[in-house]
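Notes follow once the structure below has been shown.
As written, the chain order gives the labels A, B, C, D and E, with residue 1 at the start of each chain.
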């Protein structure tokens, strides 16, 4: 306890939480888990009412989380809640211990808070679904898993949560499994994540070989024993794992498809919480990261490219959720820019604000879809501002927040990341980030305008109306958070959140960072605002007066470039060609090898036996004279052997 | 009479009862068979209670003269490894019999008797400390299984049964020759005496391969696995469950008990090769599983892949990986057994195992789908379920010795997810179009009762595997010391 | 020249008492046949004579021999009383009685004659050692008479159904048995040759005893021609050994060849020719060609007898000749026998795979088994000798069991038993199918059957003597062999019966005999100690 | 004779040599005739000549008693039986030779190899002066030379014709074989009766054959 | 005269007999050839008996003659039987049993 945890400049003490509210921290993942099981078991008896259990569990979890957070805020330290052993074999020990520190608390609040809101929202949104209780059960399972991920004090327990969120995600994406492509999307998400998991597992192997433990604190404390090559490999492996979970190039492909799930799920899992797990992981291991500057450079570039790439794709999408999905990928890219340039706290800050505004935008989209009888094409919308005033208003806040217009939350977090990138000497990353920011403003404006402004383009028979209170209430709460969250948490570079998180992230020393005067930021901030406004204005001007009913001309970006963007750079197709077609070719080849070659040898041995038997059997001619010949021949051979060879 | 003998004899008594008393009604036959297996399970629990976990050696020894002329004894003893596998056996058999009561309508008496004999033989394999006795019961397991596949199996059962028989017999006979050789050196068949033998490396080499022939076929190690898909596909549900759950473990058990300690030098010499074959098996089995249209065949190939992990861990030769291998044996028994049970339930409803015939069943049979998913997840090593706690330490331990192999094998996990979830998707997801699918009834109370213990264990081991690890680890360490890698490779520490 | 120069041999009656009894009963049975239904006319006096002899023997001190004689002859008369007009039953009872009596006398010989008070077993020679009552002889005697005891009831109903139950059959079987035992006890070339011819001639005739069946006739003719040629070759070999050594007594030959060889080439030539003759009798490749045809053509009960007993006699001869007469030339003949054994094991197994007729399949299987036994021979150790005896004993039992079942099937069918015949037998007659399966599993060498222990012992002997490659070939052939045994079992159990499914016919006696054989096969498989110990004890030869 | 003597292979013109050459040539020639003559009766007669020639050889070997037995049993009983059967069956013409040329060549080659082995075995050690039988035999000159002792001394102790000499051994040393030969003759007799006795219902005798012929004698089915 | 010539003659006679067995198809002639072989061996035995000054060989000849007689009895019975059934003495005709 007296050791300096984390090896950070601002050290936390390590405390074993044995009493008080922190001792009850084990309840945080357990309550939703119990909720999950209880709902499943109670469904038969209680029917749709069993969903109440789930909401109760979420609320209770949020309550406990709040209490824990309050405790940590009051006495900042790293708390370990000891729990039983999970696996212990031959020097490999893993316990279920919980790790609670500042980073955990931030994540806890985001997850449980947004989670609770989405539980509530879902009451209205999922109303009438045939598997209503099961949906809530899955939500609870997700919460439990995500909380295990956040609280695990050990890479393996973290991995446990990591995988279980994948499972929940799988279950929820494929919630409407009757739709074949939804089921495929679920599977795609799981499999893609598995690829990352391999990297995660190998990373754990390397970690264990190196450190002799998978305990997070021990790793962070002893990070400096890493050789630089090992550190480089290790960081990249963790990044590969994070790239899968957080939808970065090249493993982002599952996230847009994941929009097959119910919209609140998209909001919760595929925008606010789960997909940020990769960010959490890398920030958690920041003291490892800083040992491998080259790896961080790669991370930053992955983030930047993903941000730009996804933003470009979003420009030509016309599905209300797909745009948001690519936007999420893009925003996650920003977070990884933060991680890559060493702005760990900024990344977390952006994670938080993103949870607010992206959750908000998704929920709003859900609200719109709810009103539009599950239509998702933004060209079939328009002019909803009157029909759905609350949704419109809250969406507007979300739109401004993501576009980076001050004083909304997104502005602060995104700007701080880009500024850090610039300050740390990542000029290229900064430029790409700015371009991505302009694009973000552009496509979000397009999204907003096409959905809410202009004249209605929806077909006959659709009668949009505002969603019920259970849905609008979360919208409003999130809108409020999006509006003031940034200002409240970290208005300037060294705000409260920044200071709060200081003990748990590694300081940047070695990245060519030369502290520059505050005047640099003074230049950069207006630049960011100009970029955001430029994006919005481009969108507004290009959309004005355009015939949006004509598919041929309604898009601004047309021609070959447009087609490439519309088809998402053909990445899915390329992957299909390489992995699906190639894989099935290989599979067929092995199948042939199995049946023809390996089994063929066996069966062939049988056939040869039978054939040989047939030939040999031919000697048995039935003619006694031939038998005599054989007899005499045998006699001569034996005689010859004995008399000549064996003399 | 010691508890091991009791555990072995109880099923035998049941079988004899079934064979001798001809006037039993079907109900009575079921009761006798089930009762005998449950009694054996209870007996094995008593065995567990008598077992001293801290003692790594073979214990609870029982011995009686068998063939004094050749110094052969009927000698039994258990260590943690064998006890774990005995428990797995006695746990699975009642469930298997219970599951068969509805599917096996023809000559259930013979079926039950065959199973009881099989159970007894398998327990004897795990408990034998006389190597001749081991060989005898090892071979003997073939016969009832042959009958079970051959009589109660599917359309192509004869081919599958004969293939199973000849494949395994061929391996077993090679081992028999080696055993006789060992006997001529040691002058007795006692395992303890065999351990004292001082064999030259060239002797060890061929003996190693002779033993390996028997075990590799049984496990099965690629490329001698081709009997398995056929056997699994054609076997009745109970047969498949038992085959996957228990019989495949005989080989892996044999490797641990005999191959490693007796031919330590050869083992260390050839371990890299076997690791290589294991990796090939893992990936190959998984890829071929992907291509299957028959769900049983798919699971059969998945067994090839999963047993590859067991082999990998065993020949990684460090406590972590090798102990986890034993745990993985149990896990594979549970999850693949459960999967076969579920396939059997589905088959009873639909009389087909072609994946293409299904689709959208998740809506029609949600409970079955749920269980299936859990079991599939266990099989694809989702953390929190049992498959993971076996597979991960195996890979971890292997990484310490063979990093490349471990990394390659890790991709087996991706592939496992792919084939299992793809199969799940094709069976349970998608629109519920055909009338047969729509009319498929969900699981009955009895079926839920059968699968629940398995799933409970799957989850329990996934969350709290320590008792299992504690049971096997001392024994595994003993084996590794005998194999000459006793200075247990300390994982971690020095950076590579 | 005065007659006092001629030594009057001191006949040790106890040395061949079983043969004496069997021969006497066989002659009596011949007489029974000519009474035309008045069997008591013969059996009465025979019984009187027998009982009288028995009492005399008891008085003379041979209580066991006396009792056996009296009981066997009395039972013959008893059968006559019970079935006054059924000569065939009386004959069958007489033959069984003779075999049982001979068995009793064999046991008596072992316990009282060749084993002294403190239980030490000493081989006994008689007639200037032209007859050897050693372990091998006692083993062969016991096994052969046991085979007779079993085969007579197995064949009774079968022969009746096929109208083969001619009066000469039982006596010929008994004479053949006497010949076989005499061969096993023979310790010089003359006795060997005569004994060989005794049982060979009897078997030639028996093989052709189904006179109306062309196949039987053909079998008989083929067997005869080949047998005669082989005998001639064997005889020439013996003559050459005589040329080389100047003696015909096997132990003396062994001594002479061991000390100094006048002319090695002649001896080698002789050994080569003897190898041909002897391996012809035990049917090792390439001198096996008669086996399949003869087995298939001969009446099945005779085939059973041949398969079970001839192997015993043949291997007894082989062992005695090679181990007693030619131990000095082991380097020469052992490789040859090993090659023949390997060829037999592979050939038999491979060809059997493609057979359709079960009896013919059994013939090839017997070739395979001859190969296995030969592994024990080339081991040239006491372990090997014991393993050979054990193997032969269990093989005889198993063969009888298998043929018993086949005979039961054949009786119903009056024709060949093919794979198609037995389809679904597991349904129509589970008991018989089970019995046949036990036999087949034992032949295949599946654990917990006698066959497994037999193979095990033989392989062990082989490995101990360094014949690893031979053992490996044995294993390979076992796998192939398992396939065809398994195929039969599969046909019975894994298939549903067809419409004209067989309904095997057998009486209670047959049922009991087959069951006992099956039980014996399993008991020996599980607890082989008694037989193994006995084999170890008997692995002593008069040298 | 002289030529042979000069050839140095030990043949001298003793009476024994004369006997040997005369009867040897006769035996070999008649044997070849047996296997070459197509007429069975002629072959049988040639066999008689062969048997008698061998009886002559026995004389040369100082085995007069064997010679007598040979004439009586073989030349008398056995050959009569042969001729009787031949006549009974009425098969005096026979052209049943193996017609296949290559087979015949093989057969001759086989016989030639065997003959070569025999010559190889005996020429040399058994044809030296030491192998001349009786007291007149020279001392062996090579270690491989075989000494022939001759029967003279043995006969000296008995009656000179060999009968008692033979009988003495036969009824002492080989009693058991002698007794067995009694069984052998019984077996032969019973066997002949069993096989050759013609019984009832010969007309429908072949019913079983018919069944046998309709059955598939070859396996065409696989499992 | 060296005793070896008897052995050689005997061996040649044996070869001739064996050759006869191989090239003749008539059962009776075949059988006569077997007799030739047995007789050939008799010569060897008698010669060896002389060589070794012992009675054993002569006794063996005696027994061979007995055995030959017994064999002839059985063999001829078989041949008669064959002829009555098949109307031929060709040993190539009976070949029901094969493969």
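In this text, contacts are C-beta pairs under 8 Å (C-beta built on N, C-alpha and C of every residue); 3 or more make two chains touch, one makes a residue touch a chain.
Because the structure is predicted, anything quoted here is derived from the model rather than measured.
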Other chains in touch with both chain B and chain C: A
Chains touching both chain D and chain E, listed by label: A, C
Identity of the chain that, by mean CA position, is farthest from chain B: D
Chain nearest the overall Cα centroid: B
Of C-E and A-D, whichever chain pair has more C-beta contact pairs: C-E
Farthest chain (mean CA position) relative to chain A: D
Between chain E and chain A, distance of the C-alpha-averaged centres to the nearest whole Å: 96
Rounded Å distance, chain A centre to chain B centre (Cα mean): 37
Cα-centroid distance, chain B relative to chain E, in whole angstrom: 65
Rounded Å distance between chain C and chain D, as computed from the means of their C-alpha atoms: 30
Residues of chain D engaged with two or more neighbouring chains: 98, 103, 107, 110, 114, 117, 120-122, 125-126, 146, 168, 173-174, 177, 181, 184, 187-188, 191, 195, 212, 218, 223
Residue numbers of chain E (touch at least two other chains): 7, 14, 17-18, 21-22, 25, 47, 51-52, 54, 56, 59, 63, 66-67, 70-71, 74, 78-79, 81, 91, 94-99
Residue numbers of chain C (touch at least two other chains): 190, 194, 197, 201, 204-205, 208, 211, 214-215, 220-222, 225, 229, 233, 265, 269, 292-293, 354, 483, 487, 490
Chain pairs in mutual contact under the definition given at the outset: A-B, A-C, A-D, A-E, B-C, C-D, C-E, D-E
Chain D contact footprint on chain A (complex, rising order): 610, 625, 629, 632-633, 636, 639-640, 643
Parts of chain C lying in touch with chain D, wherever the complex brings them together: 1, 5-9, 11, 16, 23, 27, 30, 126-128, 130-131, 162, 166, 168-169, 171-172, 175-176, 178-179, 182, 186, 188, 190-191, 194-195, 197-198, 201-202, 204-205, 208-215, 220, 262-263, 265-266, 269, 354-357, 414-416, 418-420, 487, 490-491
For the chain C and chain B complex, residues of the former touching the latter: 441, 446-448, 452-453, 456-457, 459-460, 463-464, 468, 471-472, 475, 478-479, 482-483, 486-487, 490, 493-495, 527-529, 532-533, 536
Residue ranges of chain A touching chain E (in the complex, touch as defined): 617-618, 620-625, 628-629, 632
Touching residues (chain side chain D, partner chain E) in the complex: 9-12, 14, 16-17, 20, 24, 27-28, 31-32, 34-35, 40, 43-44, 47, 50-51, 54, 57-58, 61-63, 65-66, 69-70, 73-74, 77-78, 81-82, 85-86, 88-89, 91, 94, 96-98, 103-104, 107-108, 110-112, 114-115, 118-119, 121-123, 125-129, 131-133, 146, 148-151, 153-154, 162, 165-166, 168-170, 173-174, 177, 181, 184-185, 187-189, 191-192, 195-196, 198, 212-213, 217-218
